[in-house]
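You will see chain A twice below: alongside chain B first, and alongside chain C after that.
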Partner chain A sequence: MGTELEWISRSVPRIGALERLRGMPIFGADIQLEDCLVLRVFRSHRPHAKIMELDVEEARKLRGVEGVFTARDIPGKNLMGLITKDQPLLAQDRVRFVGDPVALVAARDEESAQRGLEAIRVRYQELPSIFSPEEALAEGAVAIHDKGNLLHRRVVRKGDAASAMERAAVVVERTYRTPHIEHTYLEPDAGVGYREWDGTLVILASTQNPHYDQKEVAGLLGLQEEKVRVIQAATGGGFGSKLDLTVQGFIGLALYHLGRPVRLVFTREEAYLATPKRHPLTIWMRTGADSKGKLLALQARIVCDTGAYSSYGVAVATRAAIHATGPYEVENVEVESLAVYTNNPIAGAMRGFGVPQVAFAHESQMDLLAQELGMDPLQIRLRNAFQEGSSTATGQKLGSSVGILECLEALEPHYREAVSSWKGSGGSRYLRRGVGLGAMWYGIGNTGVQNPSTARVELDDDGRVTLYIGAADMGQGSTTVLAQIAAQVLGMQPERLRLVVADTARTSNAGASSASRQTYISGNAVLEACAKLAQVLLTEASDMLRAPKHTLLLKGEGVADSTDPQRSVSFMELAQRARKKNIPLSWQGYFDPETTPLDPETGQGIPYATYAFACQMAQVEVDVLTGRVRVRRVAAAHDVGRAVHPEAVKGQILGGVAMGLGFALMEEFVPGSTVSMKDYHIPTAADMPEVVPIIVEAPEPTGPFGAKGVGEPALIPTAPAILNAIADALGERIYQLPANLERVLEACIRAGHFPSMEVK
Partner chain B sequence: MRGTFAYHRPSDLDGALELMDELGGQALPLAGGTDLMVEMREGKYRGYHLVDISRLPELKLLELQDGEIHLGAGLTFTEISGSELLRLHAPALVQAASQIGSLQIRNVATLGGNVVHCSPCADSVPGLLVQDARAILRSLGGTREVPLQEILVGPYKSGIQAGELLTCFCLRSASGMWGAFHKLARRSSLAIARLSLAVLTRQGEEGLSDVRIALGSGTPVPRRMVEAEEFLLGKAPREKDLWEAGRVLASKMVEVTGKRPSTVYKEKAAQGLLVQAMLPLVRHGN
Partner chain C sequence: MEWEEQESPAPIGVRFRLNGREVALEVSPGESLLYLLRERLGLRGTKEGCGIGECGACTVVVDGKAANACLMMAAQLDGREVLTVEGLESPVGLHPLQEAFLEHHAVQCGFCTPGMLMSSYALLSCNPKPTRDQIVEALAGNLCRCTGYEQVLEAVEAAARRLANGRGR
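Right, the complex of A and B next:
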């Protein structure tokens, strides 16, 4: 193995950048297949109704229409779902949200497909519609699913929160609300498909999870998994929304029946209408501390609106409960978290799985406690932050790689400077300045379940190394990072690796690109595969060079004797020699983080093998005449264990701050009203503050070269930091996101900064 | 989805007017297309005739004539915001032009298009209203010259008749006047105004003379806020005068528009916006 870290902590050119810069047709919508049919989905306009009659005969007869499919045409099991299978591909007698797919049209061109859609007739019988979890849980509410409207209840209980609360010197109790959020990835969902000569259905699609797609499509079609091949097309962002099936099932169904190439490309409007959103959460939280600011107890009740189908609802409710304390040690915890069905859009995974929402609550609570106690917000965080040996709400003892204190300390000079000099040096009566902190912790990988990854590496007779990875790269850069890890172990340049990525026929399952897990989990799988190959190469080289293994170095696609670098042998020679001896040159790596399932009653257990930590500081200016907020600067300290690719980590942080700023100030998806980017505002470059990314490395012993993850953590602290900064500027707090013009101006008025005159 | 449509590109204004006459209600002038394309994509105007006027030199007029600015309807917002002449003679309009949409939109969107779309939140309209702009409408039948406010019949409803083309605006020069345009939106760029305000006024020893204030996005169509103008006329405004003027403006806005869910915010923000826009006019010591 290479002794020094040549390819780790190094910002090598991003793999795939060139194809994108050249505008090559790598995205689903750009892939051209000959004689390709166009698919369009007929969707429900009703939020909740029984389908009394569905007539597609007229549509089928139209010229140019090659097929119209309904639930009846689904040969396998018409049910899908990442955790709970409760969602039909095409509605089975009932629709549960506006946008629920009812029928699929395949046609020769867009116009014919449109005419096909227009010729479909449905007769509905309205059912009562439920648009909030409160209504859904009310007695006598209509059941959206047979098992009732409560999808999941997760309790996390440790110690005795109620009695500890009585001992507390200060207790703050508030309710926080967050809205539906639409991911607004750049590339609307798209894919194409064709049938292979042997009957295999090949689907190229924008996805975060090709192996799940394969399994799900095979299940829908009643086919063996190997009869469905999913290849990830270049994917222009996902943020969790492309974990569910979007176009894949429809493409598979049309291929099954028609056998001809098909394509399905969502418009932005369709992506908005049909794909999952971030869960709206209502969080009631009560936090108690002693007179020195030490947290004693936390109680919370969290209600997640999971919409019409479950998607990742269970994971979101669970993660929200586990992370409700924030990165602080609290002895007595009592959290109940519910995921509830409604007739709203499906809520699923979105960057952070409920943690961005609870972070808004726990970080507001920290500032409120500090205020009650006359403490500095940084001080109260330092006093309570996790350390090695701390026990979490689920009773997990944290080992090493607990970098939250280091993050807080890294921010301290920025924070002191902002508070002592920036805040007082500018602004005016009508332009108030504020500084706020937001901290977070985030468990890497899926919660309390096995979520292994696999990878394979192979050395050919010609000395070329091929890395097979199942992990989908949707822009976050996993392919580059995994190639760097392989390159490091094998002592070769990453660009010399041949890469096969996210193709179910050629790569093995790496699990979803979600939960910030690929660097840590797939990184370890790659590491293991490459280490096995390296051992073979060293053993062979040791024979050939007649030198002990420990003096040998993998370098430049060969093995050299470190005591005499002139003496070396190439990968090609080693491969040929090994082949003659029948020693395998293809090695599989496997890694599954050590977790234990959570106790169903108390939520105690080890949900994650490791956690990322972060704290951000936001400096804002609030225009009290109009309610407009400008974020001027964000300093963001993130403990990532080890930054394999520092520029990619910084990129994640910058993107996370942008997304967090949108969550804080402007983003709000209103079901039934929000149509597209024209009425859904994400920040533009003009809204971005100066961002100072600070990489903190508290190495994780079980991580590849110490790495953990940063994808979701990047976003989580931003909104809390901004909201705390607004509260600091105004002396008045906002409890509902987004802190838009209306809510901020209202807070300005409440705080007495707006000398309002009543209009008669 | 896009429907079928016919496309015409006349080479000069006369040709365009002939087409407009011939096609009548089926004609859709296409300038920057930043509104039209969005609507066509939504499926509107299937079977219509697009008359591309984006390259007509006659619509690119920009000159000062006898104390009046003549401003071609085909000028883009990039052209307007970059004009030295307009900076001197139409300061509020120039500020408005630089805040519309994004740079990409400003490079193609035109002044005339922004006006004829008659959106309540058209950013250029308040800036034109404070200059007592008159619109020149040409048709084969002749030329009409009407005050801008008369074209603004209602939300998304203009008073331009079939066969007519809006070719030009005539503005009273605002040379020597103090001007401002403030826009409130949900983000810094590429955003539709929640409220906008254009102000032109002249500051002298005797206080403000000739106060002109126009509000956008607060009423069904942008309009001059005469009551607030009159309140400030002759005053060397102190901050509390601005608040009072803001109150007058907001109360007129509510009177015109009625109470809506958005009024809770807008009646306050309108006051704040006026104070913010005119605060530089408050002399120290007042």
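Right, the complex of A and C next:
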């Protein structure tokens, strides 16, 4: 390894960009297979009902229909779910939400498939439907699942919050609410499948986790895992929704029975109806501080509406509880977080896993405390921010790479300028300006469980290096970053690497592309695999060049003597020499972050090996006559450990701010009435403010070249910053997202900014 | 129940230019331009994100103007000139817009990319030196969930400069 980092902190061309710019047919819906059948899913129109009778015989007889399948046709175990297996692929005897799949139609074309759907007859017996966690937890409520309506309860308890609260000089207590959010990745879920000559079912699909898909589909079909091969098709965004099975199980089932190529492409309406949403949370929070603004105690009760099936509900409730303090040291903490079944759409993973919701609460609380104490919002954050050696709510001592203070300090000049000069320099009585801060922390990787990644690198006799990575790239750029890490270790150009990505037959398990974990975890696996190969190459070169290893450098697909660069030997020569000696040239890397499980009673433990930190500042203008909020500028400081690809990090921050702006101001998925993109608005180019990304690098010693992650952190601070800015502008606070026109106008009226009109 | 053959409506003959080539074929009255491009002509660079003209992923250029291929009927094509993402690249290489998107890291998942390129192309062909606001306006109908748009806007600005300096077509 050279001392200078040639390929790290460098924005190389993104792998895969060229194919996309040329419009090549790489996405699931683009893939053409000969003689391909069309699949369509028959879904429940009832939120909660028993299936008394399901008649698909008429549909089966239709011309053009090649098969109609129900739960009875599932040869394996009709249950799926990443954490808790509670969801059937096709309803067994009961439907639990509008959109629950009941039957699958395979037909020669779309029209025949449509006729097939229309010929299916179901007789339901209605069950009481539950649309809120409160109803679900009420005594006598109908049980949506056999084990009851409480999916998960997570407690995080440290110190004595109740008595510490009594010592507090100020206490603020509020309730915050967030809505269902639809991921609205641009590519509706899609995939195709075919049967290989040896019977293997091959599924190419839009996904964030091919190895999980493989296991799940094999389980549904009662097949050995190697009989199912999942290859990630180009994936047009995921943001957590494509972690659950979407099309894969249906494609597998049809392939199993028909053996012919099939395709399933969701319409946008189907993607909205059927796929998981961000959990709506109700967060009651009480925070106490001393007269100097030092946080003394935090109590919270968090209720997450997990909808009809569990998906990632357990993870969301847990993460929300762990992160409820925000990036601040609080000695006394008492948090209870519940995930509750309802007959609403499934809520699952979405960028941030519950942390964006709790960040809205803890950051509003920080500003409320500052206001009570007459303190500056930045000051109260600086006073409480984690530092090296701080203890988190779960009792974890933060060792290093704690960049929250650096983020706050990086923002300080922007914040001072905005408050002292921008705020007073414009606006008017009816156009009020405000400045707000939002900070966050985010644990990298899955919570308190093993979540290893693996990778492999191989040198062939021609001197070509192939990198095998299981990690799915949905657009965030993991493939490019992992290739950069390999290139750095092997001293070669990333574009010279042959890449095999996210194919269960050729790559080993890297775990999900979620939890901002691939750069840190798969990055380490790639690093380890490549370091092993590098050692072999150095050893062989040392022999051939008769030079000590420490003078040798990997460079330009060869090894050179740094004391005499003329003397070098190519990868090809080294490969051939090693091969003759039976020294392996294929090496596996493995990394699992050091965590400990959380204590079930107290939530104490080490849930994550490292954390990302961030703070953003928003400058807004509120039109008090219309309720319209224009975000003028966002400065976003993010501690990513090390930006392996700075432009990709910026891309994550810019995209995260856009998604956070939508969460703050406009997005709300209303089950039953949000049907298509007409009803659900995400930010357009015209909604975007000027965004100033600020990359902070507090290197993580266990990260590859110091890197942590940024995917989810990018979004988390935005809504809190915007909501705090609106409160600053109006002197009146909004406690429910989104802060849409109606809610902002209400706040304007409450604050007395709306001119009162005399009715004559 | 007997399934009855529906009488299919009379096909309509259209003749138009597609990516510089003359095309003549028959289309059905209900057929969208998007369906024609993707399913019948195999041009799958044009994407379907919503099917109702909200997302802009299917944007193509028709007679120099950006159009949602999902909302335009194939039968409307007669005598027109259509450009899709597949027609951007020339024998000498990538179009300056494609180059600029690559250099400015304007591609993440890439599903909105073809539509973004085509809206930008339509803008630059009628307004070679657009302001930032004009670019924003031209791209406001193209949704992107990944990039937050900034790197896309920078890429369009860079491509405009490059085209003004005589690089490209």
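Keep this in mind: the second predicted complex is superposed on the first by the 757 of 760 C-alpha atoms of A that agree within 3 Å, B and C clash if a C-alpha of one lies under 4 Å from a C-alpha of the other, contacts with A are read in each partner's own complex, and residues count from 1 in each chain.
Throughout what follows, a contact is a pair of C-beta atoms (placed from the backbone, for glycine too) under 8 Å apart; a residue touches a chain by one contact, two chains touch by 3 or more.
Small disclaimer: the values here were computed from a predicted structure and weren't measured.
More residues of chain A are touched by C (comparison of chain B with chain C).
Within the superposed three-chain model, A:Ala648 lies in touch with chain C and out of touch with chain B [touch as defined at top]. Contact with chain C, but none with chain B, is seen for A:Gly236 once the two complexes are overlaid on the shared chain.
Shared-chain residue A:Gly627: touches chain B; no touch with chain C. Look at A:Gln248: by the touch rule set out above, it reaches neither chain B nor chain C. After overlaying the two complexes on the shared chain, residue contacts for A:Ala29 are found with chain C alone; chain B is out of touch. Once chain A of one complex is fitted onto chain A of the other, the partner contacts of A:Ile749 are limited to chain B, with no touch recorded for chain C.
Contact with neither chain B nor chain C is seen for A:Asn446 once the two complexes are overlaid on the shared chain. Of the two partner chains placed around the shared chain by superposition, chain B is the only one that A:Tyr430 touches, whereas chain C remains out of contact. Within the superposed three-chain model, A:Lys678 lies in touch with chain B and with chain C [touch as defined at top]. In the superposition on chain A, chain A positions 678, 684-686 are in contact with chain B in one complex as well as with chain C in the other.
Residue ranges on chain A touching chain B, taken from their complex, read 110-111, 114, 430, 623-628, 630, 666, 678, 681, 683-687, 740-742, 745-746, 749, 754-757, 759-760.
Put simply, chain A touches chain C in their complex at residues 11, 13-14, 16-25, 27, 29-30, 32, 58, 62-63, 115, 119, 183-188, 234-237, 239, 267-268, 474-477, 647-648, 650-651, 653-659, 676-678, 682, 684-686, 688, 691.
Of all residues in chain B, only 1, 38, 102, 184, 186-191, 194, 243-244, 246-247, 250-251, 254, 264-265, 267-269, 271-273, 275-276, 279 touch chain A in the complex they form. Residues of chain C touching chain A in their complex: 1, 3, 38, 42-52, 54-55, 57, 84-86, 88-89, 94, 98, 101-103, 105, 107-114, 117, 135-137, 139-153.
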